[in-house]
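Working notes, beginning with the structure itself.
The first chain written gets the first letter, and so on, giving A, B and C; residue counts start at 1 in each chain.
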Amino acid sequence: MARYIASRLLLAIPTVLAVLTLVFFVVRVIPGDPATAALGDYASQEAVEALRETMGLNDPLYIQYFSFLGDLLRGDLGKSMITGKEISELVRQVLPYTLELTFTAILIGTVLGVPLGIYTARRVNTWVDYVGRVTSLAGLSVPAFYLGILIMLLFAYKIPILPAVGGGDLGDWKSNLSHLILPALTLGLIMTASVTRLTRSAMLNVLKDDYVRTARSKGLSERAVIFRHALRAALVPIVSIIGIWSASLVADSVLTETVFARPGLGKMLVSSIMQRDYTALQSVMVIYALFVVGINLITDIIYSFVDPRIAH
Amino acid sequence: MKDKLDVAIDSEMASLEAPAIQLRSQKKRLFRTFVRNRPAILGVFLMLLVLCMAFFADDWFIAIPQGREPQPLLAPYNPLEQDAANRLSPPSREHLMGLDSFGRDTFSRVIYGSRVSLMVGVIAVLIGGVTGAIMGLMGGYLGGKTENVVMRLADILMAFPSLIMGLMVLAVLGGGLFNMILAIGIVLAPTFARVAHSSTLSVKQNEYVTAARSVGAGNLRITRLHILPNILSEVVVLASIWVASAIRVEANLSFIGLGVSPPTPAWGSMIRDGTKYLFQAPWVSFFPGMAILITVLAFNLLGDGLRDVLDPKLQN
Amino acid sequence: MKRLAFLLVSISMLFILAACAAPAPTGAEQGAAEGEQPAAESGEPMVLRYADKAADLGTMDPHFAAATNDRNLADMMFNALVRYKPGDGSVFEPDLAVSLPEPEIVDGKQVWTFELRKGVMCQPTAETEAYELTSDDVVFSLQKSANPDTSAYAGEYNGMTVEALDDYTVKVTLDQPISPILFFPKVSDYAGGFIICRQQYENVGAEGFKTNPSGTGPFVFESYTPQDKVVLAANDAYFRGRPKLDKVEYRYMPELNSRELGLKSGDLDATNGQNESDWVERMNQEDGITVDVYGVGEVATIHFNTSVKPLDDVRVRKAIAYALNRDEFLALFGGPPVAEKVYSAVPAKFLPGGLTEEEVTALGLDYAQDLDKSKQLLEEAGYPDGFSLEIVSSERESYLKPYTSMQAQLAKIGIDLKITTVDHSSMHKLIRQDANPIVIYVAWRPNADVYLTRFYHSDSIVVTGAKPDTNFSHYAGIDDLIEAARVEQDPDKQVEMWKEAQVKLLDEMISYPILYLNQVTARHDYVDYGHELKSVLALYPQFDETTTLGNE
């Protein structure tokens, strides 16, 4: 196991490098550059040229590439080309918001989704199942920005119990928590929909398996059959969908963050593309890639626990 | 080269093994299983409804051979025609779903929008599903170096959040429907790869696979006969879920302004446009939302039905 | 064993995450400001919470501030020699200068001498103590604005020298004499005219100044949370008196619905609204909420590339003009008061030199919609069945709406526009590479000269001009008029020349002016900006020392 983890961590290096290289070159192919984006349409041509020079955009690409890589190896994420702030500091300020949102959403998604999936699977083709299926599909169909606004309308305006917008004050847990609930609920509900669905189908799949039948025929209680045998076997796809959600939530919460006006890593990525903030985009992508690698690794390790037959 | 040949022979043999009669009766039984599944039939019905909307939105099948512009058929109005003075009018007898922010008939746009949204949902998921499933299967089954290479590739792709990937693909290739579909396909591929991979790992351990291998069955044959059918159900279910995601990604891309180019109607972009008027004219976003729900429902009910049919355990 | 390994891995992962996540206090945020503040009457600090549609801060260096949100912040933190009267951008009044000077001609050069106010204090920061602003800072600042390495607006300051005669006197010399209407904008509180504090700039450097600014304005920078907000605090030593507000929270909220709900739920005091009259009407009906609609309006104009087929034919351009109907464009913004029609390149409502509807109609150059005439012109030009053009549009509403409306209107005469949406930056790059045969451009420029020079002087022709800028039409027919008007001292003659130039533009249908879009801001009734809102160049309601939240 230790060897496996070590080798996967080693493999993360080329992965991150590949991501970085891809981002580095792709973002430079896109029309527009940070100098033009920063100076706006009113700026004079000389000013744009001068800023390009200061930003080092006139250097040959390979020099820009290796100097960025060199800085990165020294642990220097560089400065934002737009605000001139240290990216590591920007990330430090934003990351807590992203992490709390992601974790809470995953928690909601899992805690609601898995039991619901099991429940509907056990009552397959009854009205409970039908209602559950249609609701979870509704959850899958609705875009996060739409659901977010509805939730905000309901709980911040019609029944004003929670603040509508903002990320809250990180130092003050009350303010922080109250600002967290609505966006986390938005993301959590959407995730619940897909977790419910996948759990249901995985359970149905397993319930037909020979060993579940054997377990049943041995006279084990339904509870024991479900939880000790079926669920355990169904866990692999469930874990994998939760893993996928965890990775994507970190960045794909952009829309929810936008609607609730919260800071977040995903928002930072999108706005750095929009602003052509090359350095910020590259550095944040590296951090995000590390995240994804980490989450995938954890998921893969969990596989071997829930299904001991999967050996690494 | 020799491997490929072996594989080809293997698969020839496999099809010879099953007597034709037995195959036909098996098909019949599968069909019966499917028909008995009432939700699946509802799925078929809804699917037909959506397909009809897409096909008969206008009379293109008559107009194109005649070389004239297609006229609206199912849709009551031209979906591009603007009546700016009456924009955002509520639903009425003339305009069943009201007018949008440009004064276009929402009902007609919902009908025409089925074309783009179906294409986005189906083609993007096919692109993502097929490439992803192949990657995952190869990685999971072959293991070793292949697994490392393929799954790390998936990691690399997955390291791009869907919006960023979409933004980058669109910014480099330029906007347009096809590029958007491609972008969404690329976004979905790694998730398919990971699911297919983990399922393959799990199935690979089963006795029948070990048994098949010990008898000396070829890789492709084992994959085709034993692994693929077993992981297919999960991939199909994932695909039917991901159709919804694909349509949603289109909506999300249009949230940052990079959806389908105007004035082409697409449900996702319609929701986004309508959301700007959510408090003033909720119908603009509600109806395309319902259209997405019905389509997603159709795909998922069908997906479930298919799963039951495809499931090898059920066939015994 | 396995379990143990797993536990170890997950715990270490958590630690790594936690380490990344630990909120680090950032210098300014933990500022001493709170302690120093004199307690407000009620004890509760009076904080104005305003939301803008921007996603994040760009820069607080006023000479680089290009986005509206950055200009807003600059407006609150800095002063200039001269300012536009708060709430009314058509009047100049002294700001850091004691009075508005009269120009003198010395050796053929034009000299403007400014006498500075005494006792104006530079805002203290973590790096720099408070000190009195003198001519040294003014000269430094204007020279910075003139340098393309340190300013986006260097082009405006060609041929200008600035020197300090003593601590409180600044002499500005222009190689080419110009009229006050063209000179004052250069030294006013917009773009390059803002005066920054030299010591702070030298202490923190060019990069540092973007997020550690220091000026002399009513508000002082306090903290910045990325993508969330900038907090400004009252400048106790402000020369016009301490602001009534204790703080301004400037929030970044790109989503309109959230801003609306935020305002209604009381999380916000004022917010940037939707540029639509329907929205204004609806929000005005809400209890306790008032919407202000005010200038200046950004002008949307259609530019035709006269160097490419088929638009090189004036008949085709006129055919397009006759096919268009300003009312259709206007309707997409709910009509007036948010959107109003414009008939010339320079908006007559806000700037001297523009042509009014009456003037244009009298000349028969209003191009009132006439589809028959339009089709006839197309036929004469040899395009009886129309043609098709490929066009990129920005994803922003202010662009997408007019483009989509134009697309539907031109479809009626057989012209097929294929629009591809790209992100805003891409569009700006692409149209400057001549990607669009027809460009819709939405912009505010401070005077007629800038409008005409930037959009219609041959030097400004995109790609091929001497100083490529935003002349998308490749037109070179009014260079002489623009140049002559620029140096004309008699304001009436100057305006005449500008008008003549624009009549030519209309006559040859070089560009079709559509509409201007006013600013829309919603507020709770208790918010009092302290001035009437007629027009504001900074495109927000302007918060200053007089702004307050009701209960005085």
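Operating definition for what follows: a residue touches a chain if its C-beta (ideal position, glycine included) is under 8 Å from a C-beta of that chain, and two chains touch if they have at least 3 such contacts.
The structure displayed is predicted, hence computed values, not measured ones.
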Pair exhibiting more inter-chain C-beta contacts, A-B or A-C: A-C
Identity of the most central chain, Cα criterion: A
Averaged-CA centre spacing for the pair chain C and chain B, given as whole angstrom: 45
Intercentroid distance (Cα basis), chain B paired with chain A, Å: 22
Separation of chain A from chain C, taking each centre as the mean of its C-alpha atoms, in whole Å: 36
Sites on chain A at which at least two other chains make contact: 30-31, 145, 149, 258, 273-274
Per-residue overlap in chain B, given as positions that touch at least 2 other chains: 167, 171, 256, 275, 278
Sequence positions of chain C contacting 2 or more other chains: 257, 422-424, 426
Residue ranges of chain A touching chain B (in the complex, touch as defined): 11, 14-16, 18-19, 22-23, 26-27, 29-31, 125, 130, 133-134, 137-138, 140-146, 149, 194, 197-198, 201-202, 205, 208-209, 236-237, 240-241, 243-244, 247-248, 250-252, 254-255, 258, 266, 269-270, 273-274, 285, 288-289, 292-293, 296, 299, 303, 307, 309-310
Touching residues on chain A, where the partner in the complex is chain C: 1-2, 5, 30-33, 36-51, 54, 79, 82-85, 89-96, 99, 145, 149, 152-153, 156-157, 160, 163-167, 170-171, 257-264, 267-268, 271, 273-276, 287, 294, 297-298, 301-302, 304-305
Complex contact set, residues of chain B against chain C: 80-82, 84-85, 87-88, 101-103, 167, 170-171, 174-176, 256-259, 261-263, 275-276, 278-280
Chain C residues touching chain B - in the complex, by the definition given at the top: 256-257, 260, 274, 278-279, 282, 327-328, 331-332, 392-397, 400-401, 403-405, 407-408, 411, 418-424, 426
Complex contact set, residues of chain B against chain A: 38-39, 148, 152, 155-156, 158-164, 167-168, 171-172, 191, 194-195, 198-199, 201-202, 205, 233-234, 237-238, 241, 244-245, 247-248, 251-252, 255-256, 268, 271-272, 275, 278, 285, 289, 292-293, 296-297, 300-301, 304, 307, 311, 313-314
